[in-house]
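First subunit A sits with subunit B, and in the next complex the same chain sits with subunit C.
For the complex of A and B:
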């Protein structure tokens, strides 16, 4: 019974924790401009993140060490620096976007300027990272993030033309008024949002925090293979709400307030309360994860003592890194840059950095020295290679498409 | 020139070509600004309609109108900074600026009505937003 509860909790937190500011904004932007014409990208992205997250969780559970520690040991410092540089910078950008997202969610609830909420949001993230237990911070934000299911409820309440939506999803087309390069630019952004590198590093380091062993592999698999796809359905619901309410009114999403308008239209103030709680939990949870990931990546690379399971005094550099990263993110936000813009760029740059993040994971999860008999099977390796191809194409095309389309304008 | 230098030059040329493709013309900028403005006004209108139907909170309506104003201000700055060459471009620029200004006025007035809270004033504000959107769409369509 206890085991079943743990599995259910793991799946629920995986669903609630799947969506972050990048998913919220990118899916709403795409839904308002392309309808469900890019749903296929969410599917491709979800399969990809499932593939690499379960690989990375397996590496941690079997070897008892987090991915970054092994990457440096197995691939040498030069390859590890490339991996670290790409992952760390994207993570910092994502952290900035998430802290900005918390402030924007609080603005939706209070109409107080986000700039005033930002220091409080960063302080809140720091104090939780400093004081709260790993399992509590992960479970509470994940479960509260389930409030975002209100997007799926809202979609039903809106009584859309289901056959029309299905047609958009099944036979994707570039709508009139949009151009092919813009369509592909947003396809890459959506892919980057679904496969954000920090999710994999957090998952792997979290496995060490929670002391997973080979016995926990089935739970790890169910968290990923059930939780993430259901989280992906939430992403599709966000895009569908935007497609039903915003697209016919020619509203292109550029702010978080626009993302929630379809929910208010469908379910009134009660639904609005749920969606604001959900966004707050999703962004706060992701801010915690990205803050921790910044500490994990650096500490694991340099061989510092790390982890929430250690008292802060025993992992001082790990905690100091997180404080510095939070302050850097806050500094960027204080320049007055729009957090939504930071989000849009962070998902595209995520796509650029993907090969540097995922290739080492594929190599390590095939190394019998670390994995013993738990190396990847043929199917996983086949899919892994296909995904490396997709990731490489997305990575190479991202910047040229960003320039050609004026960042999707 | 050795092979490595040739590859470097080819990459540089490709980037320059890309940048040249990515640079937008006056027409593109005006079209884009009008589209963004129309979207911002439509969004403000939807938020206000939801508030008058009591399905949205004051905080959401106020935030939405504030976001719409920020968007319109950005579009206005973009178009104002354009250097029009020739009479036709000047006319387009002026028409776009007039349209955007009507949007700024309508959203600003709607925000005032929101803080006053009079039902009839809000209904008028929704009508004014609709008119501003029509003006913006016409300015876009007239091009």
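For the complex of A and C:
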């Protein structure tokens, strides 16, 4: 019974934790402009993150080494420091977007200026990182994030033309009035949103925080393989809601209020309350994950003591890094930059940085010195190589497409 | 230059390590398993210049080097002697996928930044000394 509970809890938190501000915004933007014509990207992204997260979790559980220790050990200090620089900056950008997202969600709930909520949001994230146990922060935000299921409920309440939606999803095409580079630019953004690199740092370091061993592998596999695809369904529901309500009226998504508009229209105040709780939990959870990831990457590169299972005084530089990163994120937000814009850029740059983390994990999960008999099987390696190709193409095409399309304008 | 065919090295006693592959950039843990640093560089005892006498002692690793030396491996250059932070090789107890020390990390020079940040910043913030709840 206890075991069943643990499995269910793991899956539920994986679903609730899958969606973050990047998924929310990008899916709504894409849904309002391309309908369900990019759903296939979400599917590709979900399979990718399953593969990737499962591999990095297995490496951490078997070898006891987290992702960035391995990156440095395999690539040497030069390539690793370049990798660290890119990963750390993009993570910082995502962190900024998530903290901004918390403030925007609080604005939806209270109509108080987001600028006033931002310091409180950052402080809230810090106090949880400082004091709360790892398992609690994981489970609470993951479970509350499940309120986002209201997007799926709203979709049913909207009584859409299901066959029309299915046709959009099955035979993807560039809608009239959109250029094909723009279509591909958003395809990469959506891919980056589903496969954000911080999830891998977080997942592998989390495995060490929770002291996973080989015995926990099957449970982690079920969490990932069931939880993430269901989380992906939530992403698709967000896009579908936007496709049904926003696209026909050609409403552009430029703020969170447009993201939640379809839900409010379908389910009124109650649904709106649910969606605000869900967004708050999703952004807060992701803000915690990115904050921790900033500490994890730096500490693992330099070999510092890290981890939430230690008291802050036992991992001093790790905690100092996180405090500084939160302050930096807050500083960026205080310049008055639109958090939605930061989000849109962060998902594209995530796609650019993906090969940097993906390749070392693929290499190390084939190294018997680390993995013993738990090295990758043929199927995983085959899929891994296919994804390496996809990730490389997406990474190389992202910046040129960004320039050609004027960032998807 | 005449090319010499190298003679096969004499059989070594104990574990054979490739320093580049299985020593550099590995995590260093102390006696209790707490991370101390990463192997940023290693120091090897002097190799005599010119012809090597037959009975010369083989060079040995004398220390793990850490701290600012990492920058020289990335950007090149040399550090003044005073900036090297060493962990004597005699403190090492085993080399696996990590390098384990037989001493407490707390007493090592290599952990001075950790101690400084802890004593001057983290310890002064309320709650820093307690277990997470």
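Here is the rule we go by: the second predicted complex is superposed on the first by the 409 of 409 C-alpha atoms of A that agree within 3 Å, B and C clash if a C-alpha of one lies under 4 Å from a C-alpha of the other, contacts with A are read in each partner's own complex, and residues count from 1 in each chain.
Throughout what follows, contacts are C-beta pairs under 8 Å (C-beta built on N, C-alpha and C of every residue); 3 or more make two chains touch, one makes a residue touch a chain.
Just so we're clear, the structure is a prediction, and the values are computed from it rather than from any experiment.
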- Message: By the touch definition at the top of the document, which applies to A:72: first (subunit B), second (subunit C), both, or neither?
- Response: second
- Task: Pick one for A:174: touches subunit B only (first), subunit C only (second), both, or neither.
- Result: neither
- Message: Quick check on the superposed pair: does A:268 touch subunit B, subunit C, both, or neither? Answer first, second, both or neither.
- Response: first
- Query: Who does A:257 touch here: subunit B (first), subunit C (second), both, or neither?
  - Reply: first
- Query: Which partner does A:306 reach: the first (subunit B), the second (subunit C), both, or neither?
  - Reply: second
- Note on the structure: Partner touching more residues of subunit A, subunit B vs subunit C, is chain C
- Query: Now for A:63: first (subunit B), second (subunit C), both, or neither, which partner does it touch?
  - Reply: second
- For subunit A, which residues belong to both interfaces, subunit B and subunit C? none
- Note on the structure: Residue positions on subunit A within touch of subunit B in the complex are 107-111, 245-246, 249-252, 254-255, 257-258, 260-261, 264-265, 268-269, 272, 400, 403-406, 409
- Contact set on subunit A toward subunit C in their complex: 63-65, 69, 72-73, 76-78, 80-81, 130-134, 136, 299, 301-306, 308-309, 311-314, 316-317, 319-320, 369-370
- Mind pulling up the subunit B residues that touch subunit A in the complex? 18-19, 21-22, 24, 32, 35-36, 38-40, 42-43, 46-47, 50, 54-60, 62-64, 66-67, 70-71
- Query: Touching subunit A in the complex: which residues of subunit C?
  - Reply: 24-28, 34-38, 40, 70, 73-74, 97-98, 105, 113-115, 117-118, 121-123, 125, 127-133
